[in-house]
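Below: the structure, in structure tokens.
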Amino acid sequence: MSEQTILVPNNSLITKTPEEGRQLAVKMARLTIKLTQPDAAIREKLRPVYAEDANMLISIGQTVAMEFATIAQANNHWK
Amino acid sequence: MSEQTILVPNNSLITKTPEEGRQLAVKMARLTIKLTQPDAAIREKLRPVYAEDANMLISIGQTVAMEFATIAQANNHWK
Amino acid sequence: MSEQTILVPNNSLITKTPEEGRQLAVKMARLTIKLTQPDAAIREKLRPVYAEDANMLISIGQTVAMEFATIAQANNHWK
Amino acid sequence: MSEQTILVPNNSLITKTPEEGRQLAVKMARLTIKLTQPDAAIREKLRPVYAEDANMLISIGQTVAMEFATIAQANNHWK
Amino acid sequence: MSEQTILVPNNSLITKTPEEGRQLAVKMARLTIKLTQPDAAIREKLRPVYAEDANMLISIGQTVAMEFATIAQANNHWK
Amino acid sequence: MSEQTILVPNNSLITKTPEEGRQLAVKMARLTIKLTQPDAAIREKLRPVYAEDANMLISIGQTVAMEFATIAQANNHWK
């Protein structure tokens, strides 16, 4: 585990817009994977595995939906 | 990854009706998959895979349910 | 994808009772599957697949639980 | 599908205690499965399948946790 | 099914501390499994199956996270 | 099961920043696994299994997202 990995970019859940909030959700999901598998070469090798697997693409979508729910709440849903 | 992919159509979670909120949930779920697999040809090839697989159809349903929960909250459940 | 598919019956999350809310959760879960697989013949072919598979029956149960959580919140849990 | 299946016993999410709320969560999870697979003989055949499969037992646990979250909220967590 | 199985220890979601709340989450997750598989001998046989399977260990972690979310809310997050 | 395993470090969900909240989410996810599989040697053996499996990396990401949702709520999303 690389304790150095930043897990929350800018150390904040607050974003200006829903679009930026969604990008943050994607980044946070990726940073957890980076923490769990710090070796960039292995992560690179796994990329085509999940990007061409319908099941994993769906699972990644669920992860982003979960992260986004928290970010949206933090931003009062940008209302 | 295509940084250009729009992740939240119209950059807003607010919709006029539950039906439109549900359509937004479906679109947002698809846009995450587009971001993860930007190659339209590969996505097209995967479509019949999940559309004829009972297990994946259920998983897609769960993703839409998750996205919709956040959108419904953003819209105060259209009350 | 059939853009014509209605995703939220009556375009409302409000129901008179928890029982009707639960029925709505089941319908909404099915309508997402109908949107993803608009061919009724294929859906019909898949029905016995998931209805006789313990794992998929459980997954369907989870989808309904998720949809119901949102509907219950929309109805202030019918309190 | 048996439209007759009751999905929410007593048509209410309100229970006197957490214990009764948890029992309701278990019942609601089972009633969704009954709705999806109305044939009691098939459900009976599937019971030993999931009751002796570690993975499915865990999935059932997740379903109950989801149902219970909604019931607990409906009861203001019995505070 | 053993109707006698207690599902919520002490019939309460309230705990003094987050640590005790987390222990309650673990217990509640286990009690659902006990309800679904009341035969202690079979449960004992399944233990090494999931305890040495990375995938199931992760799934158990998700179940505990779900139970804990509800317990934390019941305790106003011990603030 | 090792009853001694601490499940919530510092017995608190409160953290100074989102970054620390995310680190707590990761730790809590790992501690549940430690409780379920107390044998460090077996956990060590399982590490490369999930760290090189795209599907499990995604599942771990979902667990962290779930834990983080609760921690973020406990901290009022650090607003």
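By written order: A, B, C, D, E and F. Residues from 1 in each chain.
In this text, a residue touches a chain if its C-beta (ideal position, glycine included) is under 8 Å from a C-beta of that chain, and two chains touch if they have at least 3 such contacts.
These numbers come from a predicted model, not from an experiment.
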Quick one: how many steps at least from chain A to chain C, stepping chain to touching chain?
2
Which other chains touch chain D while also touching chain E?
none
Interface overlap for chain A and chain F, more than half of numbers shared or less than half: same or different?
different
Using Cα averages as centroids, what's the distance between chain B and chain E in whole Å?
32
Chain centre separation (chain B, chain C; CA means) in Å
16
CA centroids of chain C and chain E: separation to the nearest Å works out as 28
Show the residues in chain E shared as contacts by 2 or more other chains, in ascending order.
50, 55, 59-60, 62, 66, 69, 73
Indicate which of the five shapes (line, ring, star, complete, other) describes how the chains touch one another.
ring
Circular arrangement of chains, read from chain E onward through chain F
E, F, A, B, C, D
Per the contact definition, I'd like the list of chain C residues that touch chain D in the complex.
17-19, 21-23, 26, 50-52, 54-55, 57-62, 64-66, 68-69, 72-73, 77-79
Listed in rising order, the residues of chain D that touch chain C in the complex are 6-8, 11-14, 28-29, 32-33, 35-37, 42, 46, 49-50, 53, 55-56, 59-60, 62-63, 66-67, 69-70, 73-74
